[in-house]
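Here's the structure we're looking at; comments come further down.
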Amino acid sequence: MDLSFVILVEMLYAVASLILIGAGLAVVFGMMKVINLAHGEFMMMGGYATITAVGLGVNVFVAMLIIAPLIVGLIGLVVERLVIRHLYGRLVDTMLATWGLSLFFIGLTTMIFGNTTTGISTPIPGFAVGGYQINGYNFFIIVVAVLLLIGILAVLKTTRAGLIARGAMQRADMAATLGYSPDRIYMATFFCGSALSGLAGAVLAPLVGLVPTSGGAYIAKAFITVIAGGPSLVAGLLSSAGVFGVVSQVFTFAISPVIGEVALLIAAVILLRLLPQGITGRFFKGKL
Amino acid sequence: MTLNRRKFLGTTAAMAGTAMLPRAVLAADTIKVGSILDTSGIFDAYGKPMDMALRLAVNEINGAGGVLGRQLEVKAYDTQSDMALYSQYAQQLTRQDKVDVVHGGILSASREAIRQTMRKTNTLYFYNVQYEGGVCDRNIFCNGVTPAQQAEVLVPWAMKEAGGKKVYTLAADYNYGQITARWIQKFVQDAGGEVVETDFFPLDVADFGATIAKIQTAAPDLILAPLVGGAHLSFFRQWAASGMKDKIPLASTTLGVGNEHKVLTPEEGDGIMVAYSYSQDLDTPANNAFKERWSAAYGDPSALHELAVSTYYGVHTWAKGVEMAGSVEHDAVVKALETGIAVDGPAGTYTVDPKTHHSTVDVHLMKFKDQKMDVIETLQQRPPIDTQAVCDLETNPDDNTQYEIQI
Amino acid sequence: MAEIVLETRALTMRFGGVTAADNVNFRLRARELRCLIGPNGAGKSTFFKCVTGLQTPTEGQVYMRGHDTTHWMPHQIASLGVGIKMQTPSVMDNLTVHENIWLAARRFHPPEEANRKTAEMIERLALGPIARNALGQLAHGERQRVELGLVAVGDPWLVLLDEPAAGMSAEDVERMTGIIHELNKTAAIVIVEHDMQFIRSIAEVVTVFHQGAVLMEDHVDRVMADPQVRNVYLGKKA
Amino acid sequence: MQGSLSRDVIATVIVTAILLWIMPLLIGTYTLTVLVIYGMLGLSLGLIWGFGGILCFGQAAFFGLGAYTYAIAAINIGESTLPMILAVLVPAIFAALLGAMMFYGRLTDVYLGVITLVVTLILFKFMNSTAGPQYVIGNARMGGFNGIPGFQTLNVPGDPGAYIWGDAYFYVCAVALAIVFLLVSALLRSSFGRIAVGIRENETRMSLMGYDVRARKTVLFSTGAAIAGLAGALFANWGEIVTPNLFSLGQSAEIIIWCIVGGLGTRLGPILGAAGLAYVKFLLGQQHLIDNTLILGLILVLFVLFLPRGIVPALVSLWRISFGRRPLGRIHQARRSRNRERLHG
């Protein structure tokens, strides 16, 4: 009984972390049809921003939830102005350019922080469920993921910016006819997407050690989750993170973590073969 | 596939170009020491201090007049933590630079990538890293600790400290981890215990949530963790975060080699049991003097670790062998080293074992405390008995295998 | 009567709740020329896509010269000797006129023969001066003409054209009409078209689509005069 | 694609002969060998991407498969001829199956990218987890992270004792690249190659003309994999060890970067891009001033922004501007910019 609860928590945690990992990429891809392959490095920089801020004496939650997203968002803004802006509408070129950026950021972080693994401790203690100890931080991640999804939904449904964003997701030229410069919208979107990446990296940092190459572990998962999710932002993220999180944890518990990861990847291949437009390309059409 | 069986396809002298011509006379002025280490990329926490230690040793020797009256010249290549570059630079060192000795290689994968090249080109090779043991090759000298020197004492001690017989092993999934896990199983059984489960993790696994739940289901008395690299460090964090650290004790054969105890907080690290031949916290006159020399050369000595010190020993051991042989000629140096040369340094005495080309060293049982390693007990001059059991280069000098423990 | 080369039986296509083609029974005989007309959304294009294999109908069958081609892929249908041209010009923009036509010829002929056929077709379509230009640089009418060349060079016995005259100048349309008539000597032709003037100049029998179904099928003059057709089609258009 | 095949043959033979004579005087043959091998790997992606429009994020998978196939077969057989053949066939068959699954499922661009990327990751993870003694094929231990060392290296066919190594091995590799280059040239001049370019340009049109696009893309994909497999086997012989890193994402990324920098839609571009960048990386490894990942990243970004067509096409048009009989008109410009848009559209 206790064990099944532990397994349930671990599954929810796996789903939540996939949602966090995918969110930034999904926003940028959904709105701008740009696949940001430097997404993993944005997360990595979020982690470093948190560690640096904590090292300077900032409260760890402030560092994770406010400072890291802001800093990474600003980095994203600079990247958008200098590079991405020139490549809109050229899907493959943006992928290649952001791939280059990812290498660039790895190199830059290495030069600044060195290659040694760093990290911070989890700020929430573990607690007991029956005979088992659970990492209390897992709950924090689950809560953050849920709040994040609700937040995105709320912004999209209730605010003016959300309305424009929904329009832009349907038709890129829609916003222009409403009198908003697409340039500004793209800039804002990329800022938000980067900030979300920074947030995810910051929140996940206490669980895993950080090295400049940490981003590589995230990007493949994020990429797979977003593409398999399909065109709808929230529904796509939720459904594909749900499928992959559960599949990988089932196999992790039953066999081993490696098999869990491989199962996730095989699930992705099968899913895309059966639903070439992603889950929400077939189901939940028209949802957000 | 031994050397004498090899019949190389000849290339004409014209094709061979300058690389194959006899070395120019002026090169005889210096003795060339090759170094091949990851000083960038994900393994640079290991490689950078090793590179510094190598240069420190070379500078010391040069400052004292060199070897055989000749100065040493370092030819160093950074393999960027990329296994493919190892073979490339090894060829460069042996065929183009024609160095007299090569020190380097960190992961067992990198050693195996270049060992045959060294052997083929008759270039003396020093591998100065703690590893899984069993390499039997007259061209290589390994002075790092092997499982019998380390795990054999660590396992029974940790079991005694833990006060139980059930052991859960978490090992890195490559040959170091695989072989070490088998040694652990042997030593646990020898101590009257039982390994309830062994899990292997590829080097990029960083999420141990499910594993921690599984461990609790198995409820062992002790966890032995030969985990390697930055990703695996998260296990120790997640373990502490789940509140398990004070319930089941931990021992590791690898944690701290890259100074990981300085990355973990005291709450995460304190109490973890390890065994190494060196720690910068050893309070001996030799070590304090060494740290001063290091500080004079590089400033802060906090990056120092066992692998760096082993490299330092490796260079001095080789230099002593050359002095004794009176030449840098390969076979003469090997013969001199096989007389059982001993070198004193920050970690005590390292003695070459003629039978296996490994080293007899002191081993310290230690616990992490406040981001330092606290020496609990020191075991003097432990020979590499695991390799000795399978390898005898005195009777079988043509041997060229890496033996693995059979269970 | 000539052999039936194209036939659909109770062809129906639904998208969700919308029935885009509803129980269409259609027959075309060898060397017949038929125009399909109807207002936007009448189901002409859906019908066209089902016949060419770009979409698979929900119900019903398609037969071509006796083969049941209902579930065939477009390339299988084309391999039977059916020439197809879609609504928007679809050509290889970065290749030259010659290369484009050669690729089409090569499908049915060995290389040498294809070279000869290509030269012939370029001559026939009066494309000689621009034969070495990339399609991307050509004017709309020229591109349409090249695409017709792609269709014709395979010596088809059935040609399916979706709005071939769209966006063309009067001169281009005239030339196009000539080509189509020439094709019609050996092939049955189906043309989906809006342009009434063009239809009058080319067709005898037309099939009128309305709300997914066939409204009527008759000689072009009688169709034009029919009040119901005028109502659903011409009336709306005006 | 002007000029005839025989002109290609003559030009290739002359250029190869000159390079074979000059290059070893400038760079060590050992390093040159790997540059040649990378050139072949670059060409394999250049063929399917530049001429077939198939952007494969996992070309490294076929490279690694070729290397592993060679290593495993060489340990079991003890002679290098059959392993070399297997190293070409196994990746080709694997790619044919994978390609059939993707192309018959009508997967395109991004989705194709995801699948090839994921398959590479699966192979990488699998190979990394084969350290245990239970992973054995015949006499060959898979070795996990450490890879497989100590296999029989290339020998004169039929004589396992006569190793081909050192300078001789460089000449073997260089000639192999020249032959592959000529085969690729012949393929591109053939109907199959011209049809492949047609498919790259407009898949729908080609299928409406009666070509089975799925089958043709599968065959082309498999051909590219065969070349990558050959490069992998040569690489295994060169390094005398194969490791799972051959399958890494970084390796796949590098191949794509080579093609972009060298120039897509040309045969020479990917080869030169591969050899040039690999040499730059090698040189960077000997300095410590600037992290070389940073430099590689910067190169890629700058190329995408300022020279998206790559070096070789840029040089060709520069040549035409300076020395060509007809000046580079607007026509060329228009055609190229459209080309670019299509590629990225």
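We call the chains A, B, C and D, going by the order they appear; numbering starts again at 1 in every chain.
As a working rule, a contact is a pair of C-beta atoms (placed from the backbone, for glycine too) under 8 Å apart; a residue touches a chain by one contact, two chains touch by 3 or more.
For clarity, every value in this text was computed on a predicted model and none was experimentally measured.
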| item | value |
| --- | --- |
| Chain centroid nearest the full-protein CA centroid | D |
| Higher-contact pair (C-beta pairs counted), A-D versus C-D | A-D |
| Rounded Å distance between chain A and chain D, as computed from the means of their C-alpha atoms | 32 |
| For chain C paired with chain D, centre-to-centre distance based on mean C-alpha positions, whole Å | 42 |
| Whole-Å gap separating chain A and chain B, where each centre is the average of the chain's CA atoms | 39 |
| Rounded Å distance, chain A centre to chain C centre (Cα mean) | 48 |
| Chain D, residues touching no fewer than two other chains | 125, 128-129, 291-292 |
| Junction residues of chain C, two or more chains touched | none |
| Junction residues of chain B - those touching two or more other chains | 40, 173, 200, 202, 204 |
| Those chain pairs that satisfy the touch definition | A-B, A-D, B-D, C-D |
| Interface residues, chain A side, partner chain B - complex | 3, 6-7, 10, 13-14, 110, 114-119, 121-122, 124-128, 131-138, 206-209, 211, 213, 217, 249, 252-253, 256-258, 260-261 |
| Chain B residues touching chain A - in the complex, by the definition given at the top | 40-42, 44-45, 173, 199-202, 204-214, 216-217, 229-231, 233-234, 237-238, 240-244, 247, 258-260, 263, 265, 267-268 |
| Residue ranges of chain A in contact with chain D within the complex | 35, 83, 86-87, 89-93, 95-97, 99-108, 110-111, 216, 220, 223-224, 227-228, 258, 261-262, 265-266, 268-269, 272-273, 276 |
| Touching residues (chain side chain D, partner chain C) in the complex | 191, 194-195, 197-198, 201-202, 204-213, 331, 334-335, 338-339, 342 |
| For the chain B and chain D complex, residues of the former touching the latter | 1, 5-9, 11, 15-17, 19-20, 39-40, 77-80, 82-85, 87-89, 91-92, 95-96, 107-109, 112-113, 115-117, 173-175, 177-178, 200, 202-204, 404 |
